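Shared chain: subunit A. Partners: subunit B in the first complex, subunit C in the second.
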Partner chain A sequence: MAEPAYTVASDSETTGEEKSLPLPEIAIGIDIGTSQCSVAVWNGSQVELLKNKRNQKLMRSYVTFKDESPSGGVSSQLSHDIDMLFGDTIFNMKRLIGRVDTDPVVHASKNLPFLVQTLDIGVRPFIAALVNNVWRFTSPEEVLAMFLVELRLMTETHLKRPIRNVVLTVPVSFSRFQLTRVERACAMAGLHILRLMPEPTAVALLYGHQQQKVSHETMGSGSEKIALIFNMGAGYCDVAVTATAGGVSQIKALAGSTIGGEDLLQNMMRHLLPDSENIFKSHGVKEIKSMGLLRVATQDAIHQLSSQTSVQVDVDLGDGLKICKVVDRAEFEEVNREVFEKCERLIIQCLHDAKVEVEEINDVIIVGGCSYIPRVKNLVSNICKVTEFYKGINPLEAVVCGAAMEGAVASGIIDPFGNLDLLTIQATPLAIGIRADGNKFVPVIPKNTTMPARKDILFTTIHDNQTEALILVYEGEENNAEQNALLGYFKIMGIPLAPKGVPEINICMDIDAANVLRVLAGVVMPGSREPVVPVMEVRMPMVDDGHGWCAESLNRTYGATMDLVTLKKA
Partner chain B sequence: MDASSLTSSLRISNSNQFHYLPQLSNKQQRPCEVHFTISCKATKLKNMEETKHGSNFYKMLSVNPKNATMEEIKKAYRSMALQYHPDVCHDPNMKEESTRMFVQLNVAYKTLSNPMLREQYDSELGLKNNMVINNIVSEEMWRSRWQEQIVELKKRSRRRMEQKEGSWGSRMRTQNMKDSY
Partner chain C sequence: MSKKLLFTPLSTFFNRTLTSIPQRFSHHLKQSLHSSAPIIPSPPFTPCDNLCYSSPFGFLRFCRKISCSKSEENFQTTCWNCHAVPQSTPFLFCQSCCSIQPVDHSIDYFQIFGSERKYDVEGIDLEGKYKEWQKKLHPDLVHSKSQKEREFAAEQSARVIDAYRTLSNPLSRAIYMLKINGVEIDEEQTISDPELLAEIMEIREEVEEATNSEALNDIRSQMQEKLQNWSNSFAHAFQRRNFEEAKKAIRRMTYYCRVIEEVVKKL
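So, the complex of A and B:
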């Protein structure tokens, strides 16, 4: 398997079926959720969700390592949730993929009924399933790939044709490094990603389609509508603000975070059994079973609290450990106060970034598994000052439907009725920049920049006669460079001898149509416009697992000897 | 090839970023003044080139420079985007060209859809010769930019206070902040 840095994505797009087939293959849309997943395809006139053999449109995202051949949630015949909680089943891959073992999300995953082991040094975590009393090592990519293979086979049986091209949706907060892990999982499953769409932007596309249908005559006219999309699933929470008219949805701002139903569940488990982390720490067979039982009982309770104000939790965890408790909705909301506050902050931030006032919002769309929780509905409607949400979108199917429409659009399908004259103008979910001005993160492409994009910033040296500069490329939102995700690093050499502050180091970042990021670095001396040394061009991300180490050891080795500062900023 | 694309990008994107700097440099003499002149030169060059080639932001969007309304500009942008956005362009040979087109289109839209940037762009194009109006406008523009910067600075300092103090980076930032006043 080739590493992403060496794959030639732009070429693979120009070769293959698209050219040779008279009718282009329609890419399918896949929504890989932390908890559930679904597949949809444009069937020529509308989007159709595909069902598995058990007639499910939404399939649980997990892989069980029971026998020699693992089986996933698409084909598995598990009758009850508890069957997947005995250590042999890996789930929540979407929470774990592309994260290092210092990541708080990975640490929170240690409470899951399989093995997540960390050494806390910035390498990939050790993840294993219990098969016949043996911990069998695997990785989130591998589990995701196995699951995708099942999805692919199911779709191929259904559509009676080989499937290669897919549009996959991802959380807003995924770093580019995480995207490469998703790409890798797809490649392992024999799938080619035509587009990776942030989940709320898929909803925006669907919304744009519906708006266009409603007012076909006002195509491109002034009836621009502002929508706020709130998407909260089991693993992630995303917000988008979009301006839509004439089938074109412009993403004005995105905000995302790693909070979701999983956090609500874990907080609630801790509430019901305060010492749960210690009790389950050893990960013995018995403990895993208790952990699984508690998990299922808590999950049921949370679901019931969406429709009733209190619920009786009654579960025997074995070993004399019994929980018998009445939990009411207020208690649930108090236990998860921080999660809900975080959701509120995300919405407020997104509106602020989009420069949209609450009064300007035409529609509020709320999707995802957590959209059924009364407190979540409340907080969204309170901030947006609306009494009701946009109707006509299924909260659990909107994302996959949008992905399927994008799949048709991206495959070049032309609909005679103009149903596919759609476009989502994407914005960067995270800022991309370099470390400069000390330990600061200086964005070159700011967050919410329209893509494709090309931007540059001038930097300069901090030492007299500094001939080399170290470029550390980060992605994220934090002021402190190291708190962001490292995408790569390289050195500029051959800066002419000059007093500090004189050489101009131009850092240019380019995101092309295929969402490929390239970083260009050139050295120019004042008065000249020609680069002194050949310009460097680096495709990012270039780091592999263990990148948590890189920045630290670079800092240890070089300190500030090769640092830069911004040239233009006051 | 890379070198030329880098220099060309220098000219394309500077227009937005560097406009406010000459004004700041009047207020406070900073050692990097020399760079402003280069940036401004680049900006001017760009505009001259545009007028020479007969294409400016208005022509790019096919709207009337004198009286195009915001709605018209948005509408033009959307219909152009439906034509030129690389996502809707399915000829692999055209992908790069359409990407370039769209990036330019977007710069044009960002400028013309922002009343302040549009005003400024108009005066650069020589559409507005009335110096009095220009001065008032630029005065207002300067003030609002200054306010924007104050807000941003305050935001940053708040964020800094929230973070734990004492890292080398935060000390440097505080130092820099002091230097700027």
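So, the complex of A and C:
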């Protein structure tokens, strides 16, 4: 095909269009954790984790706004955890990114040392760091971008080449809207996302690679192996079921939720100091300090409870507030019962969605910071009926290693020993559909559909002579449309006058090989095969910040006047 | 005419697929049309993939007809890239130059898995073959190639996914087998068989009354057994080319599958 006479290639416009270079640049793998972060790269023969100047492979994910220029966890040197708890440091950005102020996860972040305020009207929350007694407004995207810049510089120094392409891992429960926020942060940091991978699928890739190696070495037939991957970090808990053979891993099902170490920590803090939320509400300097001290003490206690059955918590929070208490493991487990039950439900749901029986699982892989907690290990092994977990995968490095391998594969690197002879066939982590049948969420592409995918569903009007229909596209798992993430909306206009239930409105959704989602809408009248109005094709997500406003006001203005129902065939 | 006939799949208008409208019509397919001719004098449908839901190639229903009227001259048997003659069938991928070929809709799902058209797929390693194909065809692996070939990859890979999904499920496999024999099933057709109606009422009551997981699991295994039985009768009917019986079996299977889904939701 002839090239256009001119090409404007700005950073944002080259997305998804990888030009073939003579020497392909190897994309690096980045695992941005809620609490810790790591970078790895394929060095020509294997995956190598990069270290910062302090010789750390795992770097804390935070940015401090203390001085003139902010500094992040890659370069700065904290002498103690408490140093990031004075209100001038923003962390947990992965829990906050792409969420509006009606989101329960945002509400649960209000007793962090920095400021998180909400108006509960569906706009972005007010997030600020305390710098010289002044609140400096920021956003999770901005903080993440600052952090990524440091990460990029560190990697560039290490590899002695400019870095542009990255494979980034994300939680399973991230909506496509949240992914656009992550992409935005990357763009701000001068990075181009070659691929976004749900975290457990990066582990699946690594597992597929190891299995292929084993079958090569033993000259085995390389029969199919099914693994369950459980990944629980500070912010998120994800489960995946993968079936791998000959280096090809098919993701059979994914399940994820925003629960993690942060919830365990907050529940424990509440347990140790029941009124903590009220005490810390004001976010004064003194309160922030006490909150920080409590956080550190609780964190230490939880860590110790992984190896011992009870722990003495002894901390002076100032202002006469003292905590002196012995906490045992059973108490910790009881306080967090709901979190652990949720983990169990995720595993059961994932197995069910994958249509895999427990007996069919060959390996159970458990990764993430919370995988050291005895109760977590217990619940996974109980459900999967195993006595031991898969060995040969480092629980804290598995995700980033998988991402680095994907980076090499996606960059077109060929390994003479076949080490990169790998493929992960992804499935949709969440259902995508529209609002119809009242306030219901009607999935068009169900969850766990193999990608690329295209599906369509027929709808019809609910009013006589209804000439317009509002298509609200949501992504999620909830039956109630509004509890899912809004990806965008558009109107179909010019529906011919007809009694309700007659016009056929076809909503088609297409996820292509580059994971781009398009929504198509067409209207056909019975007796005709041609669409009566030109077919609308809209790329999603199209909403920007403050999208919660849109859904709210759309509802208030239009109500059900432009609604659709699924077309029931007689 | 049923509503389905009226309905134009939206993909018809989807520009990405327009580039790959097949210009050929295989001998194989024609044969199967002939063989079904005595039973159904004029098959209302041309055989077509994409039966249940996903319809990346739904537009075929039309262009087939167009291509039918055209000659079969431009039947392509060599690689579009290096013009090598295929070394093996089905020809989705050129072994000489490693290029992915455009989708050839005359290759049916069974051919993709190297099998004859038979209902019993016990002996076929569907999963293994599926992965083997994906390793050659998946769009993730060809991003350095031309735009044209990347499109072929997306379509071929999607078709192999469809083929795998269709053949690995007994119900969709049954529907597909009838379809490639020119027999269309309207899945949404109202049930008129009084025997089945009575049974449906009974099962529905049972499901409603089942409160614990034990009772639900019990219903589920009953349904699975029935599904298996009717799957067997489909196989027999199909073998005798008794398509009416086969359709009856499919209606039963469709219903039992739905009950299983409902039960699973309640579990």
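The rule we apply is simple: the second predicted complex is superposed on the first by the 540 of 570 C-alpha atoms of A that agree within 3 Å, B and C clash if a C-alpha of one lies under 4 Å from a C-alpha of the other, contacts with A are read in each partner's own complex, and residues count from 1 in each chain.
Simple rule for what comes next: contacts are C-beta pairs under 8 Å (C-beta built on N, C-alpha and C of every residue); 3 or more make two chains touch, one makes a residue touch a chain.
If you're wondering where the values come from, they're calculated on a predicted model, not measured in any experiment.
Because the two structures share subunit A, they can be overlaid on it, and in that overlay subunit B clashes with subunit C.
Contact with both subunit B and subunit C is seen for A:Arg529 once the two complexes are overlaid on the shared chain. Contacts of A:Gly559 after superposition: neither subunit B nor subunit C is touched.
Once the two structures are overlaid, the count of subunit A residues touched is higher for B than for its counterpart among subunit B and subunit C.
With both structures placed on the common chain, the touch criterion links A:Gly438 to subunit B but leaves subunit C unconnected.
In the superposition on chain A, A:Pro104 makes contact with neither subunit B nor subunit C. Contact with neither subunit B nor subunit C is seen for A:Pro416 once the two complexes are overlaid on the shared chain. By the document's definition of touching, of the two partners only subunit C reaches A:His352; subunit B does not. In the superposed model, A:Gly320 makes contact with neither subunit B nor subunit C. In the superposed pair of complexes, A:Asp512 makes contact with subunit B and with subunit C alike. Only one of the stretches 3-11, 75-83, 93-101 or 201-209 in subunit C has C-alpha atoms clashing with subunit B after the fit on chain A, and that stretch is 3-11. On subunit A, the surface patch touched by subunit B in one complex and by subunit C in the other comprises residues 18, 24, 224, 245-248, 250, 409-410, 412, 421, 423-425, 450, 452-456, 458, 504, 506, 508, 510, 512-514, 520, 522, 526-527, 529-531, 535, 537, 570.
Those residues of subunit A lying in contact with subunit C across their complex are 1, 18, 20, 24, 224, 243, 245-248, 250, 352, 409-410, 412, 421, 423-425, 450, 452-456, 458, 504, 506-508, 510, 512-514, 520-522, 524, 526-531, 535, 537, 569-570. Considering their complex, residues 2-3, 5-7, 9-10, 12-13, 17-18, 21, 24, 28, 30-32, 34-36, 38-39, 71, 74-75, 78-79, 81-82, 85-90, 92, 95-96, 98-99, 102-103, 106, 110, 149, 156, 159-160, 163, 167-169, 172-173, 176, 180 of subunit B touch subunit A.
Within the complex formed with subunit B, the residues of subunit A that make contact are 10, 13-14, 18-19, 24, 195, 220-222, 224, 245-248, 250, 409-410, 412, 421, 423-425, 437-440, 450, 452-458, 460, 479-481, 501, 504, 506, 508, 510, 512-514, 520, 522, 526-527, 529-531, 534-535, 537, 567-568, 570. The touching residues of subunit C, when paired with subunit A in their complex, are 2-4, 6-11, 13-14, 16, 53-56, 58, 62, 127-128, 130-132, 134-135, 138-141, 143-144, 147, 150, 153-154, 157-158, 161, 165, 188, 190, 264.
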